[in-house]
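Chain naming follows the written order as A, B, C and D, and within any one chain the residues start at number 1.
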Amino acid sequence: MEKEKHHIVPYKIYFYILIALITFTFMSIGITKVNLHEYSVLGAMIFATLKSILVLTWFMHLKFDQPFLRFMVGFVFLVFLAVIFITFLDYYYR
Amino acid sequence: MQTVTQIPHDVSYLDYKGKYKGIFSWIFSTDHKRISLLYLYSMLTMFTVGVLLGLAMKLELIAPGKTIMDPQTYNAVFTVHGVIMIFMIVIPGLPAVFGNFMLPIMIGAKDVAFPKVNLLSWYFYVLGAILVISSVLFGNGTPDTGWTFYAPYSFKTGTNLLPAIFGAFILGFSSILTGLNFIVTIHRMRAPGMTWMKMPLFPWSLYGTAWIQLLATPVIGITLVLVALERIFGIGVFDPTLGGDPVLYQHLFWIYSHPAVYVMILPAMGAISEIIPTFSQKHIFGYRAIIASTLAIAFVGYFVWGHHMFTSGMSGTAQYTFSILTFLVAIPSAIKVFNWISTMHKASINPEIPFLWAVTFIFVFMIGGLSGLVLGALATDVYVHDTAFVVAHFHFIVFGGVGFSFFGAIHYWFPKMFGRMYDKVWAKVGWAFFTIGFLTLYSPMFYLGMLGMPRRYYDYLPEFHAANILSSLGSWVMTFGLLIVVINLFRSVKIGAIAEINPWNGKTLEWTVPSPPPVENFEEIPVYGEKDGPYEY
Amino acid sequence: MYILLSTTNASNFVTGVDKAFILILGISFAFLIGLTFTMLYFIYKYNNKKNPQATQIKGSTKLEIIWTVIPTILVLVMFYYGWAGWAPMRKAPDDSFNIQVTGRMWNFTFQYENGKKTDTLFVPMNKAVKLNLVSLDVIHSLYIPSFRVKEDVVPGRDKFVWFIPQREGIYELFCTEYCGMNHSYMYNWVKVMPETDFNKWYVDTTKRVDVAAVDSPTENGKRIMKNIGCFACHSVDGSKLVGPSFKGLYGHQATVISDGNEREFTVDDEYIKRSIFDPNADVVKGFSKGLMLSYTGQLSEDDVKQITEYLKTLK
Amino acid sequence: MEHVVQHSDPHYDPEASKLGMWLFIFTELLLFGGLFIVYSIYRFLNPEAFQMAAHELNITIGAINTIILLVSSMTIAMSTSSLQQKNKGLTVLLLEITIMLALIFLINKYFEWGVKFEHGIWPGSQHLINDMGQGEILFFGLYFVMTGLHALHIVIGMIIIIVALRRVQKGTTHADRPSLLENAGLYWHLVDLIWIFLFPLFYLIH
């Protein structure tokens, strides 16, 4: 392992990310204004997921970190999703 | 801040004089070994309370009707007994005591990654314990919900539940911090050359455990917060009259509390995986298989919580999914048992006392685990759920498993930790009484459960009498054995013979440092070569 | 295995459950005994006195695979039998005989479709019986070991258990979900009668409860209270249980808290009625709110009058 | 493998403290995860009531708060860059802006809750229990618990940032020892991350 060096992210990039995040925010507000019935939740959640991916990779530097950290984050989200899925096996089929 | 140069390498951690004196040299010490002993002594204190409560229950149950206490007292007693035993003894038990002491030494590090956080987690432990005990001493009566705090009873009861809930929350926090510390320590501080596949099995088991602690404990934290808020404000999340679903409480509770049972057993299995090869003087059989099964238990164990709720009215789909997952999680445990026993094949066995504890561990663990299979199957669980059968199952596996492993571990590492040797004859006498008492105490409960005696019963019908008498007698024999074991160890801390560096001819790193180890463990960080390994005899 | 033998075929589920039980126990004992003896044999055979030099064996992939696959097959078999014994419990036949079970701290009441109410469960033999489970306060659980059935009684949820009793006799019925102080006294009995006997008992609506009716109103009051379970929380001898004792209640100066204010007055008919139908309006000082629940719909005005008559006698 | 870093400076290992922070973030995620489970179940059981109740919330305030948090996330991310470029003044300024934004978020939240209280809506309030359906009670119960817990995290995050700010000013956190600031940043992004999900779940379900 060579000495872990820090990658310095230019301010510009952070700014672009912010713009993307704000755009997604407005898009998610927009999509829920359109009447999509049960899919509006889905739409809003897709945008929330996109936003969180941006935050995780850029703001939280996952892009520049060791791969196992990315793996861990993914793993934790998967475990959580699996728990929700199994809980719904009860409520959905009740 | 001490600088490295000041710490002498010929003074043991017990004699080292730091900045503080007397008791402060302990409670302000960030040395992982001292923190380990702090845990050991505070746990022993709580453990004494828990054992006395257990004995009181057995005395009450010796005959139908009132023997020594009222129903309300009995309910409070099993609640406090359960809370103490689960949250203060077996969950922190092996990781906090032996993990803290041995983990850094076994991987060749000078301390854990965050020594101050380590001390902080002990403070949290003490704070949590004090809160739980305060709920007994003050307020409108001791909590009487059982350790499961099931809604809606937990916000209907008039007793003093809030401090207990808060205490359990803080104990959870302590457990999280320990887990966090261990993961970072294992990732960052292994000795040069010690690859993951050369790490001993006890650290491996702590690694698996730590992930469960990290990912499951927050769920119970938030659940207990919700119960507290329900009690204070009536927010309605678990209150059926306000639209909440009490069964959802059970989901959340067991999402933590089932993985928690593997927090208890995995380090216990890890300790057994150290003891067996050492006393067999043989490489452990199936090193990789044991690691794989540890990780498999930790992972699959996260998804089986629903087997505690087979009668609570889940959907059929959920029920058989949970049942089948429960059966799957039993397989890695079976693999471990097979590997341990195979390690003894063609070995050269030195049947010292730690080995005896380890073998009895395997025996009672099999009984406990196999009875878990009865509980995992749908038809039979509906029959014996919430009966004495479940009580027998979890005493066999929690207390049998973790307790026997704990005693095995303490007899194994005692010479290293204290630099003294205990009296081996008394140790065997204590072990014999303990084992016989244990089997007499808990075996009748299987039978009672099959007769249909419900658990948490203060009083029972006359047909259950005979087995209960036997069980109560067993509790006395076992306590007698326990006393012998504990007194023997306590005496030896002061007057035991001076121990050698490596009394059992073990091959892991802790046997290369002096007994007791110096403050920073190693003068020079050991380096693992190509041929080195933890079990190369 | 007393219960496994003595209650064979007490209900239609017994065979399925016991089959699973015996199968799992059989496999378990085989493994337990086999492994224990192997272990003991190794300890004896490879003792360091007999075998001073260990042979270093690091593992065997073949063995690992074998002892992964065999247990997997075995547990799948266990799962199957567990499932097969349980699946029929999920769906009650449409023509079942319906009984409503009401659980509350700390007794069960059984109400039949014709309005009969009992505290012992009477069921006809060889006929599907469906118990509809209702809880008024916390979670209870209805458990009849001999029938191998158990189901939690959850407030706010409609649940049921069903079974076909197949043997005449009297069996225990327990509450198995911890529900507070007298959880262990929340048990009852199931009486299984041949269908003709049952029908005779069932149509006899003169007796609402299975005890001879007495003409004295105080006797009736006492009986009502016994059946509905007041004495779980209230004593008649002055000792304090969950609720205040009834001894000397009528006509004494009571201190209660209503809407947070303390007030004092003399206990009269009106107050007792309110205590029964709206217990949380006035909470007796020193006791907790919310434990006693309203009996609206469970007790009639007339019942309350009879109860009051009885309470008057407790000087 | 040169893990022997331990020798030179035994108490400083930036990778270790970053890993530790991430693990802590995982526990925080699962803490909220428990609440998200509760939310999704009740949402599933009471879809109409949740939509009705969501109308009580003001999307504009929610959106403003979202943007505030996003901007503050950017400023704290920039501050780590400026610290590495050894631009102390800019780092301090960016951190101060972050703290100000956090404060504005809290003030907004204060007014938002205030309006609810004025309408007689708070956990266990008579209005809620007497006049509203069970789904609404659950919605508002969860709304207060989840946004309340989130606000608590904002406060904790502010404290951490203030500590980091002081250290930067004193010069004990600098380009070669940036861990404290980076961890403060990670924590702050976590707070942002959670809000990213809270916002659509409570405000946007119409």
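Before moving on, here are some points about what is shown:
Just so it is clear, a residue touches a chain if its C-beta (ideal position, glycine included) is under 8 Å from a C-beta of that chain, and two chains touch if they have at least 3 such contacts.
Small disclaimer: the values here were computed from a predicted structure and weren't measured.
The chains that touch both chain A and chain B are D. Centre-to-centre, using mean CA coordinates, chain A is 15 Å away from chain D. Rounded to a whole number, the gap between the C-alpha centres of chain A and chain C is 48 angstrom. Note: centroid distance chain B to chain D, computed from Cα atoms, is 34 Å.
The set of chain B residues touching two or more other chains comprises 215, 245, 247, 251, 255, 316. Touching two or more other chains at once are residues 1-2, 15, 19, 26, 30, 33, 37, 41, 45 of chain D. For chain A, the set of residues touching two or more other chains reads 76, 83, 87, 91-92. Two chains count as a pair here when they touch; such pairs are A-B, A-D, B-C, B-D.
Across the complex, chain A is touched by residues 215, 247, 251, 255, 302-303, 306, 314-318, 321-322 of chain B. On the chain A side of its complex with chain B, the touching residues are 76, 79, 82-83, 86-87, 89-94. Residues 71-72, 75, 140, 144-146, 150, 152-153, 156-158, 240-241, 245-247, 280-283, 285-289, 311-313, 316, 319-320, 323-324, 327-328, 330-331, 334-335, 337-339, 341-342, 344-351, 359, 362-363, 366-367, 370-371, 373-374, 376-383, 385-387, 450-452, 454-461, 537 of chain B are the ones touching chain C in the complex. Of all residues in chain C, only 1-4, 13, 16-17, 20-21, 24-25, 28, 31-32, 35-36, 38-39, 42-43, 46-48, 51-60, 63-64, 67-68, 71-72, 75-76, 78-79, 81-86, 89-90, 137-139, 141, 143, 145-146, 148-152, 154-157, 159, 172, 174-185, 187, 287-288, 290-291 touch chain B in the complex they form.
Considering their complex, residues 1-2, 14-15, 18-19, 22, 26, 29-30, 33, 36-37, 40-41, 44-45, 59, 63, 66-67, 70-71, 73-74, 77-78, 81-82, 84-85, 178, 182, 185-186, 189, 192-193, 196-197, 199-201, 204-206 of chain D touch chain A.
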